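For reference, chains read A, B and C in written order, and residue numbers begin at 1 within each chain.
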Amino acid sequence: MPAITEDTTTVRVPEPIQPRDGFGPPPRPPEEDGGGEDPRPGWRPAFPVSRGRLVLWLVLTVVVMLFAGFSSAYIILRGAPAWQNVALPASLWANTFVLLASSVTMEWTRRRTVEGHTASAKKWMAATAALGAAFLGGQVLAWMELAGAGVYLASTLHSSFLYILTGMHGLHLAGGIAALAYVSAGVFRNRYSAAGHEPVTLCATYWHFMDGLWVYLFLLLMLA
Amino acid sequence: MTTHDEHAHPELGFWRKYIFSTDHKIIGIQYIITAMAMAVVGGVLSMLMRLQLGWPGTLWPSLENIFPTGFAGGVMEPGFYLSLVTMHGTIMVFFLFTAVLTGGFGNFLIPLQIGARDMAFPLLNALSYWTFLLSCITILGALFATGGPPLGGWTAYAPLSAVPAMGPGQGDGMTLWIVAIALFTASGLMGGLNYVTTLLTMRTKGMSMMRLPLTQWALFITAILGTLAFPVLLAAGILLTFDRIGGTSFFVPAGLFLADGTLIDHSGGHPLLWQHLFWFFGHPEVYIVLLPAMGIASDILSTFARKPIFSYKMMVYSMSAIAFLSFIVWGHHMFLSGMNPLLGSLFTLTTLLIAIPSAVKTFNWIGTILGARIQFTVPMLFALGFVSTFISGGLSGIFLGTSASDIAMHDTYFVVGHFHLVMAVAPLFAAFAGIYFWFPKMFGRMMNMTAGKVHFWISFVGVNCVFMTMHASGVAGHLRRIYDPTQYAFLEPVYGMNQFISISAFVLGAAQILFLVNFFASIWFGPKASVNPWNATTLEWTVPSPPGHGNFGPELPVVERWAFDYSVPGAKEDFVMQTEAPARVESS
Amino acid sequence: MASGSGTGKVTVPGAVLGVLLFVFVLVSVWMLSTERFWFVDLASEHGASVDTVYVVVLIVTGVAFVATQLLLAFIVTRYGARNGERAAYWHENARAEAILIGGTAVTLTVLVFLGQYVWYQIYFTDPPADSMVVEVTGQQFQWVFRYPGDDGVFGNVDPALVTVTDPIGVDRSGAGADDILVVGQMHAIQNQPVLVRIRSTDVIHNFHLPHMRVKQDAVPGMTIEVGFTPTDTGEYEIACAELCGLNHFAMSGMLTVDATQAEFDQWLEDQLVFQ
């Protein structure tokens, strides 16, 4: 992934560095730069990741730690004598398939945007959002299936985790859909060209991450 | 974008400029003043605790007028005392120290010291403050909840915290407590994302990571710690909430019943799970408070020693090591919890490991002032006070980190004395040092230094009288969180000590009023401050006091050297600004 | 030490701070070593080793404490600013740093091994076979002691069986028929090992015998065993050391160490009336 930031897309004319204080030779260029606002022409930020991408990864770190907290609780309580597994609703398989499919469409959205095929990107993005919503609806159906079988939040430790982990993941995915909606406004107004597509790629990263997180949670709930 | 035009900004009205501001400087000051208000509440609570401990069972009819239920009949109620314990701890740890050091100094200093115009996400920054304010209001609301404030301590151990019927205040009060902490967590995370992004991407030209002032390194590492630790607390809080209102049993085992025989309808959970999750957050939290304090103290020590910081690199490495190790020492809070004793051995090892980088920092501070020409300004006095209390508190931690001697010390006032010195007094002293030091940059005026010196001398003597004596009373066996020590005959030797501690605490508390008066009076009446009143070297001292919107003039500064060029041989003055070109003086 | 220009001077605030630190060190050393504020009298066998670990840590940290605080006092006194003088300009000394880090590491390693040796003896050594087994249950806000009776076996407990006279709900139909329940009073015999099985029926408590150097959380859902051997007869207070709710401070009890088995048996027999 090349380090592309918005700053570098504008062309700057380099100027010779002037001695500033009127004494001594011109200052030698510092060995390392920060990544801040450009104080002099012809200078590039040294930090290789854009601000948006950095924040995204920090947010994902927070999400990882949140679910690491839940997971460690799960693993510790898994050994408790009172632990009782409940049968996972079959619809979770279908939901998983839907979410995986949405990752594929998301990836198509990203590629079409990068290539500049905005019209195509719009379609794929709509499909992604629809699949995401279908997944969330499916998760609610899975809850209803559970409740129909007499398995509630407080029934067993396993069912508590089942409801809470799916719920927490669903909330995060809903956030992803909201981000898609926000970004789609830009795509539909053709703001994201091949050169300035970062919001779409960030959405794609988040989306794939949520997908991976779900697969992890599903495996945890199923196998452990 | 390369030039910045001051006149491009229309003049903002009072509300936009000082209240709903997105300017990092205003937000930093908002954090500091809000935290000071919270500190007043937390401080008053501790004074009431000392009143009870010094003179248990005494009639205070006048206090009954203020606290009709807490002092029903004129004598403090046991539940009221435990609420004081809980709320004092919670308010001070989160709403004073975390808020003032990361929220206050972080916001105010990061852009100024790295040469940026503002934070990476100013709006998110403002949102972080307003979320924090909301959490402050929520936690204060817990003081007035039906059934009273929570009484389970700031650690909120389950099942006491998980079953509302387990005590007064464990109902609505505890619920508000959880909400407040969740909001605080959200606020801290918003701040943390902002700090990391700003520090990584917005440093000005020449400001390499290894040229950052140590305050910035400390804030950077702290922000990462917060990003990793806060979500775990949030996860624990979510599970706890479900235990309380959803009937789940994460932290509540089966077969419990109340004193009246009522069965509690839970099954299968584990109380120690809460402690593991809480302390996995809780120990890094100690360093979330302590690291910025270390950074601030390091910079101030070097400034007034007029001497470079000793071993800058080791300072950075040791802070990083402390941050890393802080995630694998949490079990030292749980030696006697029934946790596998083998884990006790493991956590003893990691805990004493963390003492090594802490010792490195102490050596380096002493190395910094050795051979110095110390200017005993008020910030310097507090920074020296920080070093002294950190040494005392750090060393007494070794007793507690060694699992075998923890058997004697656990849950006594030895622990109370230890953690107050190391994570309350030391950070407080660093925060005082920071406020006296950067006040001119915040408000364009100087604080009254005579009052500041009186404040320091009373505080320094006071904290040692209070907290060193607590160590001794802990050795004598005084248990913590005890409403009335006269309940136990074996505690007779500490009755007198308790009175001494209480009187010292009152004097100590009174000295803080002096600080508050000085602070607020100086905002309006202090003598005008120059651009660089302390002859310090970092970037914030190159701009007017207070700096205008956007911090720097039309061009951002360019950094040519590290932050610690004091007393450079051959230089014209005994300090060389970070922006000074190397041609002027060659430093080794 | 290398210094800059001039010698620096003793300033008033520097000297005051130096003297304060000196006094503070003296008072602290006195306070933490005087008989007056020392541990409560020791009355158990393993407690001696706990105290020894404490004393060793006290000496090691005490030396570090005195050395660093006095060095600080010396520096602030000696190196005050004098007009026009420059401080020394040095900021690295890898050798000094390595020596100090190494010294700290070695000292701490010794402390770890010493501490873990004692920890191992307490927690990883099987209790003596002739230990008297007592069950103690913490509940808001009392300690309930249970002796297994003649059969030496504890009966099952069931919360549904809790009554006014039976705060933990012993199933009297089986092995529990002869169990003896006592609230707030525990007896043991001098020089006879005791094994305490610690439980809780509501929140976390901490079974604390200050004179025996016993301190162990009572965690609901767990049974935690701790052993000790009382070495002196007499009455010793029992405390709860973990915040457990409203009347935590009053959750006390009394351990009586009897000189002979006969005295103990007599006391136990007296309790039968209340069963």
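In this text, contacts are C-beta pairs under 8 Å (C-beta built on N, C-alpha and C of every residue); 3 or more make two chains touch, one makes a residue touch a chain.
This structure is a prediction, so every number in the text was calculated from the model and none was measured.
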item: For subunit B and subunit C, chains touching each; value: none
item: Pair of chains ranked first by number of touching C-beta pairs; value: B-C
item: Mean-CA-position distance for subunit C and subunit B (Å); value: 28
item: Subunit A-subunit B separation of Cα centroids, rounded to whole Å; value: 32
item: Distance between chain centroids, defined by C-alpha means - subunit A, subunit C (Å); value: 49
item: Subunit C, residues touching no fewer than two other chains; value: none
item: Touching two or more other chains - residue numbers and ranges from subunit B; value: 253-254, 269-270
item: Touch list for subunit C against partner subunit B, complex; value: 1-4, 8, 11, 13-14, 16-17, 20-21, 24, 27-28, 31-32, 36-40, 49-51, 53-54, 57-58, 60-61, 64-65, 68-69, 71-72, 75-76, 79-82, 85-93, 96-97, 100-101, 104-105, 108-109, 111-112, 114-116, 118-120, 122-124, 139-141, 159-160, 162-163, 201-204, 206, 208, 210-211, 213-217, 219-222, 224, 237, 239, 241-250, 252
item: List of subunit B residues in touch with subunit C within their complex; value: 78-79, 82, 85, 151-153, 157, 159-160, 166-168, 252-259, 261, 263-264, 269-272, 305-312, 314, 336-338, 341, 344-345, 348-349, 352-353, 355-356, 359-360, 362-364, 366-376, 381, 384, 387-388, 391-392, 395-396, 398-399, 402-405, 407-412, 453, 457, 460-461, 464, 468-469, 471-473, 475-477, 479, 481-485, 487-490, 493-494, 497, 564, 566-569, 574
item: Contacting residues of subunit B [partner subunit A, same complex]; value: 1-2, 114-117, 120-121, 189, 192-193, 196-197, 200-210, 227-232, 234-236, 238-239, 242, 246-250, 253-254, 267-270, 273, 276-277, 280, 555-560, 581-584
item: List of subunit A residues in touch with subunit B within their complex; value: 20-21, 23-25, 27-28, 30-41, 43, 45, 47, 49-51, 54-55, 58-59, 61-63, 65-70, 72-73, 76-77, 80-83, 153-154, 156-157, 160, 164, 168
